[in-house]
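These notes open a run of structures that come right after.
Here come two complexes built around chain A, the first alongside chain B, the second alongside chain C.
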Partner chain A sequence: MNNKENLIKHGTKGRETVCLLPVPFRIFVQEVSILPAKTKKSGVKLNLDGLTPQAYQELAKPYVPSRPVFKNCIRAFLSGGLICVLGQGIQEAFMAIFDMSSREAASPTVAILILLSVILTSFGVYDKLSQWCGAGTAVPVTGFANSMCSAALEHRAEGLVLGVGGNMFKLAGSVIVFGVVAAFIVGVVYAVMGWGGAH
Partner chain B sequence: MKQLGSQTWEFTNRPVILGTSAVVGPEEGEGPLASTFDYIYDSLEMGEKTWEKAERALFEKASKLALMNANLDQDKLEFFVGGDLLNQIISSSFAARKLGVPYLGVFGACSTSMESLAIASMIVDSGGGKYVLAGTSSHNCTVEKQFRYPTEYGSQKPPTAQYTVTGSGCAVVGVNDGTAKGPHVIYATLGRIMDLGLKDPFNMGTAMAPAAADTITAHFRDTGLSPGYYDLVVTGDLASIGLPIAKELLAKEGIPMEQTVFNDCGLMMYDLDKQKYVIAGGSGAGCSATVTYGHIIGRMKKGELKRVLIVATGALLSPLSYQQGESIPCVAHAVALESGGEGA
Partner chain C sequence: MIYLWAFLVGGAICVIGQLMFDVIKLTPAHTMSTLVVMGAVADAFGIYDPLVKFAGAGASVPITSFGNSLVHGALTELERDGWVGVVTGIFDVTSAGISSAIVFSFLAALVVRPKG
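Presenting the complex of A and B:
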């Protein structure tokens, strides 16, 4: 069979789609490959009928502002850094006041940061801060606490078991799942390489 | 009633919008249209225990006020056509319990406002009923909860994101018996689904712009009118990104939109410079409903506007569909209103 004969082109303003299918399938392909369906009845063909997704996305591109990545990075660095400085301050305070080692002070420090995050979430402040801070408030432990607290608050209306219990890890669940998977892989690598044992 | 072209109904008996209501939440009450709304709640909870109950309260308030503004006894109301954005359209169905009339639940996402008005007008125009209530609602927090993240979850929204309007708008459509006062419903153009492959639920304006352009083009093609016929053409919730795209698409179709004022309810609802949290503008079924039934009908009654075309746009996605990587099908329904002589 001569494939060249079977080639059909249906023009869509600047773009050409080449169809390599045998004759009986051509019409079918032609009809479904153009979105949306042609205007029936009226017989008037709109330019919109021939607009392909690619052509439209090209047309829309200049109007769609992109995320300000650099600005977001700076803000995340400042705000995330500030949260870490605060954590460091709390840890130093525990060490100085309660005579703890840095390891002993780590757990109560995290607990205080989580508590602060939950309080700010409950007062409806955390989500407003995070529009400015972005990853700065999402990545530290405060972001994890916010994801659990917000889901628990939101689904309290559906009861304690199905609502709070069932939805609390709606967002945080994937962090735990992939955290465990990543830890397993790292553990396997350590075991295979014989690096383990340093407790 | 007759069909014009392939997508448009002409309401030859000219049903009358007897009364409308627009009830909104606190953020909309801080916007430039505050004085045109019938009732502004000062908290998002509206004295209820859950967000869903709050939206229902909003809807019930709006339906009650619409009947009051229309000067119509609830006993005289014959049908209710309503819908909202929640799963199984619970806000409107649950609000319908209080009305006690036959009920049609409709869903067209944010285009539900004009979809319900078109169906209500069709019922009245075809003699299927004398008094029909059309209404819709949306609530920022119920929509965030269902479509995005928990309301208090801290996620950074991109510059294309829109803010769901907390509001409900209802209209009582009545038969034109010569004495009824109010704007007339003259045309409705029902839109077809447009899907140009956009998948980002935080960029609905771009996804919906082709649907708006398609329905507007179909309206002028079917009726043989030109944009200059209308004093105002508004889209539902294309906001600051979708509206210029729709303008470009319409220019490509050769529709001279510069003959009229072409705006968007999502841009009219908020002061984008002061209310930064709305980002690109308003969205939601309540957006076009409250702007139309509050602001636009108000201006028509004052005689500032004679003919208006409202094109409500809807993005028909679900949380499941976009998580499964599907693109967003969009639709737009247009309804044309004309003020009904003096005092109307």
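Presenting the complex of A and C:
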């Protein structure tokens, strides 16, 4: 078998596997499968290194489904608003039953919401909800708890220390890091400027 | 009435998050981090507290209040203890949220088998 036949065979092989790939890759493979016939080297050389991320973005752009932004926003608004109303209800209950001020009641309210979120995550309900709600379930503090709990459950098989302990903050960690750094900067600015801390 | 404002303000903050997902195409982690920093900056300018007074849980339940609480703790202890308060006070207010999230998640991991 001479070189050319070999190439053609590889080329058709490339084309047969084409249907398995997502659309953006498909075009690319078609292009690639033509390439070797023009090159002098033997064998199929996938020119993947030549494709910069920017070029890939350009190539993939027409095939990325457009997101229904308006619908998603309505869903996020309704679900996020409802979670906040639930939080308000819990807070009012704490204020009424334990005679707390609204500031005192804030911490137990957050704890209850987190407990609810962890329970729902454990039963796999929260993830289903979040598919419908989008940011509506991610932005409230329940989403923070969900990210920690799902990371803990996901890595349970790797053991308690390395799995659960090591991975719990995998997603939530960035929130804490950026929050703390921002708070530190604000604190230093206030200290340097000599402003009082109380608002 | 506070329930209505909680609904509207909380929903609006979630819409901001959704727009970051869909329009700017940030990942959830980037979105959350941005919102927390926004909350911290808002508290630095003293505009988050009035929002909490006005909208109750609508402002205190979204993750932005986490940034607000971090700054709040730092500034309160800065006032009370001086310089060192900036470091010691950061987790003062948010401790309830973080501790309960850790404890509950850990307990859940002990009890629940993941469903794949």
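Following the convention adopted for this analysis, the second predicted complex is superposed on the first by the 132 of 199 C-alpha atoms of A that agree within 3 Å, B and C clash if a C-alpha of one lies under 4 Å from a C-alpha of the other, contacts with A are read in each partner's own complex, and residues count from 1 in each chain.
Please note the rule applied: a contact is a pair of C-beta atoms (placed from the backbone, for glycine too) under 8 Å apart; a residue touches a chain by one contact, two chains touch by 3 or more.
All figures in this text were calculated on a predicted structure; none of them were measured in a lab.
Asks: Once the shared chain is lined up, is A:97 touching chain B (first), chain C (second), both, or neither of them?
Replies: A:97: touches no partner chain.
Asks: Touching A:87 in the superposition: chain B (first), chain C (second), both, neither?
Replies: Only chain C is touched by A:87; chain B is not.
Asks: Is A:154 touching anything from chain B or chain C once the two structures are fitted on A? First, second, both or neither.
Replies: Once the two structures are laid over each other on A, A:154 reaches both partners.
Asks: Once the shared chain is lined up, is A:113 touching chain B (first), chain C (second), both, or neither of them?
Replies: In the superposed model, A:113 contacts chain C only, not chain B.
Asks: Classify the contacts of A:129 with the two partner chains as first (chain B alone), second (chain C alone), both, or neither.
Replies: After superposing on A, A:129 lies in contact with chain B but is clear of chain C.
Asks: With both structures placed on chain A, which of the two partners, chain B or chain C, ends up touching more residues of chain A?
Replies: For chain A, the partner with the higher number of touched residues is C.
Asks: Name the contact category of A:193: first (chain B only), second (chain C only), both, or neither.
Replies: neither
Asks: Where does A:57 make contact in the superposed view: on chain B (first), on chain C (second), on both, or on neither?
Replies: first
Asks: Quick one: classify A:178 as touching chain B (first), chain C (second), both or neither.
Replies: After superposing on A, A:178 lies in contact with chain C but is clear of chain B.
Asks: Return first, second, both or neither, reflecting whether A:65 touches chain B, chain C, both chains, or no partner chain.
Replies: Touch status of A:65: first partner only.
Asks: Just to be sure I follow: which residues of chain A are touched by chain B in one complex and then by chain C in the other one?
Replies: 67, 72, 121-122, 124, 134-135, 138, 143, 147, 149, 151, 153-154, 157, 171
Asks: Flag every residue of chain C that touches chain A in the complex, lowest number first.
Replies: Where chain C meets chain A, its residues are 2-3, 6-23, 28-33, 35-37, 39-41, 43-44, 46, 49, 55-58, 60-67, 70-71, 73-80, 83, 85-87, 89-91, 93, 96-98, 100-102, 104-115.
Asks: In the complex of these two chains, what residues of chain A are touching chain B?
Replies: Residue positions touching the partner: 35-37, 39-42, 44, 46-48, 51-54, 56-57, 59-60, 63-68, 72, 121-122, 124, 126-131, 133-135, 137-138, 143, 146-147, 149-151, 153-155, 157, 170-171.
Asks: Touching chain C in the complex: which residues of chain A?
Replies: Interface residues on chain A, with respect to chain C: 67, 69, 72-73, 75-91, 102, 106-111, 113-115, 118-119, 121-122, 124, 134-136, 138-145, 147-149, 151-154, 156-157, 160, 164, 168, 171-172, 174-180, 182-184, 186-191, 196-199.
Asks: How about chain B: which of its residues touch chain A in the complex?
Replies: Answer in residue numbers: 5-6, 49-52, 145, 149-160, 192-198, 203, 206, 209-210, 213-214, 217-218, 221-222, 241, 244-245, 248-249, 252-253, 277, 327.
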